[in-house]
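In what follows, structures are represented as structure tokens.
There are two complexes below, and they share subunit A, which is joined by subunit B in the first and by subunit C in the second.
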Partner chain A sequence: MIPFDFDYFNPETVQEAYHLYHSLTEAGREPVYFSGGTEIITLGRIHQLYTDAVIDLKGIPECRTAQLDDEHLYLGAALPLTAVEEARLFPLLMKNVKEIADHTAREKVTLGGNICGNIFYREAVLPFLLSDSSFVIAGKDGLKVQSIHDVFEEHIQLAPGEFLVQTITEKNFLTAPHVNIKRKRQWDTGYPVVTVAAAIVGRRLRIGISGLCPFPFRSYEVEAALNEPALSPEQKAELAISHMPAPILNDSEASAEYRLFVLKNTLTDILVAFEGMGRR
Partner chain B sequence: MEIIGKSVIRREALDKVRGRAVYTSDDTSSSVLHAKIVTSTFAHANIIAVDVEKASAVPGVLAVITGEQLPLTGEEIRDRRPLAADKVRYYGEAVALLVADNPHTAAKAAALVHVEYEPLPVVHSPTDAIRKDAPLIHENVDEYEREEGADPITFTNINNYTKIRKGNIEAGWRESEVTVEASVSIPPSDHAAMETRAATAEIMENGEIHITSSSQAPFMIKRLLSTYFDIDVGKIIVNTPFVGGGYGGKASVQQEILAYLAAKAVDGRKVKLEYSREQDLTTAPCHVGLDATIKLGSTKEGCLKAAEIVYLFDSGAYSDKAVHLSRAGAVDCTGPYDIEHIWCDSYSVYTNHPYPAPYRGFAHSEVLFAFERAMNMLAEKLEIDPLEFRLKNAILPGHTTPTQVVLNRSTVGDLPECLRRLKKMIHWDGGKPTRINERTVRVKGISCAWKNSTIPPDSISGAILTFNEDGSINLISGVVEIGTATKTVLAQILAEKLQMDVGNIHVKMTVDTQTTPEHWKTVASRGTLMAGRAVLAAADDAIVQLKNAAACVLRVSKDDLVVANSRVFVREEPERGLDFKEIAYGYQYPNGNAVGGQIIGRGTYIQRNMTHLDKETGAGRPGPEWAVSAQCIEIELDQRDFTYKVVRAVCVLDAGRVLNEKAAWGQVTGAMSMGLAFAGRETFVFDEKGRMMNPQLRTYRPMHYKENPRYLVDFVETPHLEAPYGARGVGEQGLLGVPAALANALSVAAGTALNRLPLTPETIWRAKAKEEASNR
Partner chain C sequence: MTIVSVTLMINGEERTTEIRYADILLTVLREKFGLTGSKPGCLNGDCGACTVHVNGKPMKSCLMLAIEAVGEDITTIEGLKGTPIQQAFIQHFAFQCGYCTPGFIMNCQALIQAYPDAGDKVIKEWLESNICRCTSYEEIEAAVKSVLRSEA
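Our next item is the complex of A and B:
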């Protein structure tokens, strides 16, 4: 049961959505953008989220794009994760989103919803961080394209009323050697103890991590450690661990120490796998 | 006609898969008022003040109830107010109850109740609770009113103490050449049934109280409400529609009391109380935890001689069923082995955890986890094959149980046969690790299990058969259909007995305590034995009536008549007879004269020759039979990461007689799956203040369908002569040995004793790290 009443709006254009947000805010309302709705339902029912107006972005064509041209891949923020899987355009992202929630939920959870959500794992952002993708943001001057690194720092950094419309990823990255490993508390379901996405770009290893801290991140210090040429995979992993941001999560999924143990092994495995690939 | 053993599809199957089956909270009539509970945010605290002013002022709020004036409740010890007053003793405990005209208002107002607390030191485990300096959770447990049989210890956190003294433990140790000691720990967890708990209550003008509840124990609700609130028992009428999974959790009475109080506060109007998933996990009774120490002794040849055992059951904040759980744990305190000298102290101990309900197996899977771990540790020390070790000591007819019952083939079945079949099925390799690759090993772990059901000696079950004019039969039994298909099996028992088409038996699925004969509780794998016997008795009664009527009409002795195929006929001339439909509503002669009347069969069953336990030695006959089994869990462990996969789960169970093959298979594999989830992942996680950190299915995760391994099940059939067609219980048995078998496999694979649940990779990593630290 959602313990509050709210109005539902279904705009058909980016402008309409943006203006709705502002006119509702000016009228003293507390609007939120809505795509899959899973967080609004699950956090709403336990009083961790409140709204009196939801603006559904799914009716906006730009938010539903899945298109590859000669140079770039464009993915709409309102694509359900299952649609991202089925489009088969971005292999690392496909593997990454397949590990989020379960199939039934992924029919609802959207790409933008996962990246911009309150639930802090936001795993779907990792492939975009690794590929230095751009985000198309709707704002007061219409659409603008910004580097992900300027608009995503632990969470999406948007002005009130702005929203994520699309992601733009360079085509070259799509074929980069990559891996996505999600390690859970036990077996196949649940939140990550850690999720690590990795890719080789220009002979350098890029790494993005979710589940270790209460935010996903890509760290250049960590990557520098992992690309340290003189060290063995174990030593690189060890060095990388010393550069992790704080705080390390300590919760019902895993203790902080265990998370670091799992991360170190996962990083070592990735390094070994890519090393083997380099030799070939 | 062979109906027994056939996989008859359960009667309610289509309604369930098509969403037509009705459950308690499906009552959405607009006249129903809605109740909501306010729960404690502390695990242990004094209540300084409860401010309900703001909540009461919300338009649409009809009543706000707090605890001070309420009577003490509890099944064996009355130690719990339905709403906490003075003190809260667990996180999630109900503190106030609101009634409003719609659920939104109730929820909104509940958020406005302000409770001021003064935190108290928190007791986190039964081991901590028995320390000399432990805070007392109840100041003096001895002062509470209690039933005979509950045995608390004054000025301690112990609310029940059961002793088992068999043989002479000193002699046992003298005869033992090799010994081991195992300490195990199981934190509390939950049943996590699909349907969260709900109840409605209404008090009629004539004083009748109508309760509908998602309960396994409608007759117990009636009895307990009568006792707690001094109401004539006949005035309380309890209905149970379908129940969406019980697993024991719905055998405790909690939300019904609150629903009754809510109705009472609004002049008897009908009120519904529905727990959210969070409340179902935190507020409602949970799955018991256990701390245990087992010392085992044997000869060098592996002949068990002595078992010295201490069980500390985690009673949580209140005693309720924990008293009984700790007693059941004492009754079958060992595994199913012939041990001459047994000494066991079993305690139920207050902590600041939720208090337990029964849980599938009623203390047995927990006790067996401890005991079967010790068995493997001893086998290792003796350098004996753990399966051969179990076979050598397996309990047999002629042996005695811990409570000194002398067994026979009917009461104990055939454990050696279970073990022999298991050995063959799993291609037993001695439990040695097989290397799969550099990091991964595959290991088979085994465990034996047994279970008797220590339900009260005078537990009853009744059945009524009413005939329809077409000769078909309505079967009415007090068993609640909680998803086990028991009611379909009862129809099979009846069809077999009357040698008729099971399709002509109509089963009443709901229970209404005013018109349905009592079945004590739908728990303890006792549905088929007790209700089955009642159905057989009712069938005998109907047969007498049918034969009497037919004898009169056919002018033959009733001794010459036979009943089969919905007919009564002369044994020698089958064509001379009457169809049921000709006599079901009396017989009418051609001239219009009529005799007889509707055929109504009735039957009852009461447990035979059960006894209370002797206070000093525990000697006594606590239940009718032991179902025995042997189980194997095969795993592959990554020795670096300590992640593992369960490859297959195997159970060979002496089922006495399989009554419905697929239903039995479903029960056994379902139980194994639950055992794997309980052992491998499910547990409550509490923080240092005793607050539950995972009160949602996001974070408290039962097994996902795709996580299940391959299941193999085989049934040995050694009849329990007292039971319908020899059947033993099958509802719980598949779970019992699973946690121990999993731990036994993982302990070998990880190379360290794993004696704590849940067996997550992190638990194994910790155990390994601890061992390495101590080796340094």
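Our next item is the complex of A and C:
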């Protein structure tokens, strides 16, 4: 049971949601946006999160869209992960979200909830980092479109009251050769030791990593090392490892050394696989 | 504390009760409607003992607020009657203590409805959502496969 009370609001438009957030804040309340709500419900239960007003975004049509036009793919932030899988529009993202939580939980966990959440494992952001996608954000001037690289730095960077409405991805990226590898310690379920998403764009390898640090990231230094033409796959992976950001997670799931060891092997496997596909 | 009156569609019937907005669906099913087939396990979305159907899809009722279920079609284990999967659980003796059974059956039934020709990969992907502390996994797998293979 959630040990505190909150009010529940179910806005039907982006503007209504944003204004609700502000009027509640001005009234001294502590509102939170809610889409799947799994993090709010589970953390609320154990006193790690408090709110007195929940603003549910899933009644807003823009937050539920899954639409492909001639140039772009638009995905709503309140789409459950199973809806992202079933839409079959973004192959790398499909593979990536299939590895999050479990099938039944993915009926509830949403795309935006995973990207904007507080847990370390926000790997649904990786395909958007690799594809240089844009985020549609609701704010005081209505909707704005921003490059993911301007709004996602370890965490999504939003002003109070702003929220993620949609992602926009160029259609060209959707067919790029790709892999998504999630390495777990022992069983098929549970948190990953490390997740790596990779894609080839214009003969260059792009890499995004989650589970290594307390945040998911794409690093240009790491990519430069992995694309160093004169090196063998093992040497590239070794060089890439020396450019990882800090800190490396060191917890009961895996030690920092073990995470780096698994990552290095995973990167080598990816390099070998892409070379096998005739990249070079 | 705000108490609101809500009407939920559960097992084909409209049921009205009073809830807090912070009440999860599992608690409301069990404590307001006496539908105690959905079990509290982890209450954290990990074990699947609380699984029900929302519009035919499996849902962990500990991860859903009751207020979110307004306007949706809810089915609990009490709403399944004489289905092949229930019979198959008995035939294959797919339980020991039985605590996980309602959640497993609801998930299996949703799978059978969504993918009547599901292969091993899909079966595994779906059933990983539930945990059986008595480790009846082999018998559960045999039960769900017996229904899927006979319908395919």
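By our rule, the second predicted complex is superposed on the first by the 278 of 280 C-alpha atoms of A that agree within 3 Å, B and C clash if a C-alpha of one lies under 4 Å from a C-alpha of the other, contacts with A are read in each partner's own complex, and residues count from 1 in each chain.
Just so we're on the same page, a contact is a pair of C-beta atoms (placed from the backbone, for glycine too) under 8 Å apart; a residue touches a chain by one contact, two chains touch by 3 or more.
A quick note: this is a predicted structure, and the numbers were derived from the prediction, not measured.
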item	value
Touched partner set for A:175, first subunit B, second subunit C, both or neither	neither
Contacts of A:262 with subunit B and subunit C, given as first, second, both or neither	first
Which of subunit B and subunit C A:1 touches, first, second, both or neither	both
Touching partner for A:108 - first (subunit B), second (subunit C), both, neither	second
Touching partner for A:54 - first (subunit B), second (subunit C), both, neither	second
Partner chain(s) touched by A:251 [first = subunit B, second = subunit C, both, neither]	first
Those residues of subunit A which subunit B touches in one complex and subunit C touches in the other	1, 42, 45, 102, 188-189
Subunit A - residues contacting subunit C, complex	1-2, 4-8, 36-38, 41-42, 44-45, 54, 56, 82, 98, 101-105, 107-108, 188-189
Subunit C - residues contacting subunit A, complex	1-2, 20-24, 27, 43-45, 48, 51, 54, 57-60, 62-65, 67-68, 107, 124-126, 128-130
Complex interface listing, subunit B residues touching subunit A	103-104, 107-108, 111, 276, 278, 640-641, 643, 645, 680-681, 685, 693-694, 696, 698-699, 701, 703-704, 706-707, 758, 760-762, 765-766
Complex contacts: residues of subunit A adjacent to subunit B	1, 3, 42, 45-47, 102, 183, 185-191, 251-255, 258, 261-262, 265
